[in-house]
Amino acid sequence: MIIAKPKPIEEIIETTKEFKKILVAGCDGCVTVCEAGGMKEAQIVGSALRIYFKQQGMDVKVDEISLTRQCDRPYVAQLEEKLKDYDAVVSMACGAGVQFLAEAFKDKPILPGVNTCFIGVTEAKGEWTERCQACGECILATTGGICPIARCSKRMSNGPCGGSANGKCEVNKEIACGWHLIYERLKELGQLDRFERPTSPKNWNTSRDGGPRKVVKEVSQL
Amino acid sequence: MTTTTPSKLERILAAGHFAVTSECGPPRSADPEVVAHKAQMLADFVDAINVTDNQTAVVRQCSLASCIRIKQLGLEPVLQMVTRDRNRIALQSDLLGAASFGIHNVLCLTGDHQSFGDHPNAANVFDLDSTQLIQTVKMMRDECKLLSGFEMKDCPKMFIGAAENPFADPFEIRVSRLAKKVAAGAQFIQTQCIYNMEKFKKWMQGVVDRGLDGKVAVLAGLTPMKSVGMAKYMKSRVPGMDVPDDIIKRLAGVPKDKVAEEGIKICVEQIQELKEVKGVRGFHIMAIEWEEKVPEIVKAAGLYPRPQV
Amino acid sequence: MNYPTNVKIVKLPCSGRVDVIHLMKAIEEGADGVFVAGCLEGDCHYQVGNLRAKKRVAYVRGLLEKIGIGGERVAMYNLSAGQGPRFAEIAREMTEKIRKLGPSPLRGAGNQPSPGPKTEVAA
């Protein structure tokens, strides 16, 4: 899922302090799972803003709501009526959700409440780690199910580099060396021959480098 | 052994001599004299001079500019290229530029991560990795084509080098990594500097067992220790570095004003020992900020004068 | 057991039931101070409920600092259910601390105090 992290409250205060009627919109999708922008977190932000404004002696209305998702138009549309009562929205969804709200409600400032970080998994309670870089051309079949683009700091296709030490990355001892993991997995799978074949330069065209992307499923189009 | 390029380094190796290379760190300024001065100091004592490419991700005068300067002094440069800062377009472009100045040696590296340097907030590139860069240079030379398939009229004739670190983990793959680079086109290797002779010999045995010594020339990397502090620093703070305690003990066992001399002695002894190791075809002496000691080391190791080919 | 009348108790089965939002709301509604009284560390009937509460109290203190209102009005105390006199002592200590800080700035800022008890949450 998409992993996000709550924005520092000072930043949210800075971007909202000029408004009088603020709606904090959470999302029941990914950001709920990674405890960054679900209803719970939206309520905390709402309460924090009310405490701030009250202390400043400012009369500001702050309410919370949570949408099923902010990346699908029918859900976003549910806000239409309600938004008439507000002059700004703090969206706790990932960057995609914030932008979708902004597109739907052109006259309302939509402010981000979280920092969207990466595609990842729940490593443990309260801890999320990156797994996928959305390169658009998945090679996991050749690397034992471990991605060198997401888990190697240098996104090497023919790793590891000379900085791999004790299974850890030279950048940070807490990061596992992605290629060390791949090597161990290929060994377990009896596929070490894959390790010895040089891989040709990757086509980055399908990733961010190729420009903003689109996926179409014709059979589903109306 | 025939040669594939006009490279002097390749000729020396093909003729069966031990090759001697050293490296030159360019300055962190626009000063034109630094590289010229260092190169001239090394001139008679080495067959080729490497110029590092923003080593440890610290901004320095670019390797290509320094290599051109070295070439213009009548000396033999080795262009080090990392894939951290340039994509395939820029890398191929720089290779064409280098070749146009008669530079015929390239060392293909992935590069230290930018978090080590003074611009940790920079975006990195890593469009290619070192192995893919080797493939690229080989294609440009042997097929006279760019990666896109474009056919060039004047192809760069590069003697292709790569680095290998016998002391990185996992040790068991360090020989297959070399095999992979050789399969991609690597013709010479410069290793990370050696202190743990046993481990290095073990690696070399693996290299020989796989028949790689017939396909690639391994130049053993060496860095003389200046001080006990330096030895300790390298042991604990530099990734992929293996410094046995005996070395530190030996350096600590001599009077302070004799430590540097002892460091040089150790280096020379290592060269003598490595000359006997099967598969070792030369020495890459990296005397960082101590380039003036290279002539002394080369002489004491019995590698002077350098053969004329 | 005698403790100051300004202390209003909210009973919970475990201090681990206290969440960040409860502490925030208490401050928001005008409580001058909030303290969580949990069992002694290592004695939690539900294993680590009191450790969760400790983290949440720390989190809210930090958040209130960043908002600019200060985190000293929220605190965590540990004691066993049998320590009646200790509870009274804590209540007095907390009351004294809050008295020194003065009434909540959210009341003094021209806002009406919310109806209902100015609750302080305990478990």
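As written, the chain order gives the labels A, B and C, with residue 1 at the start of each chain.
Everything that follows uses one rule, which is that a contact is a pair of C-beta atoms (placed from the backbone, for glycine too) under 8 Å apart; a residue touches a chain by one contact, two chains touch by 3 or more.
Remember, predicted model here, so these are calculated numbers, not experimental data.
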{"item": "Of all other chains, the one whose Cα centre sits farthest from chain B", "value": "C"}
{"item": "Comparison of A-C and A-B (more C-beta pairs in contact)", "value": "A-B"}
{"item": "Closest chain to the centre of mass proxy, which here is the mean CA position", "value": "A"}
{"item": "Chain B and chain C, separation of their C-alpha mean positions in angstrom", "value": "64"}
{"item": "Whole-Å gap separating chain A and chain B, where each centre is the average of the chain's CA atoms", "value": "41"}
{"item": "Where chain A and chain C are represented by their mean Cα positions, the distance between them in whole Å", "value": "34"}
{"item": "Interface residues, chain A side, partner chain C - complex", "value": "8-10, 13, 40, 43-44, 47-48, 50-52, 54-57"}
{"item": "Touching residues (chain side chain A, partner chain B) in the complex", "value": "153-167, 170-172, 177, 180, 183, 192, 195-202, 204"}
{"item": "Chain B residues within the chain A interface of the complex", "value": "84, 88, 110-113, 115-116, 124, 126-132, 135-136, 147, 163-165, 168-170, 173, 176-177, 179-181, 183-184, 192, 239-240"}
{"item": "Parts of chain C lying in touch with chain A, wherever the complex brings them together", "value": "19-21, 24-25, 27-28, 63-64, 66-69, 105-106, 109-111"}
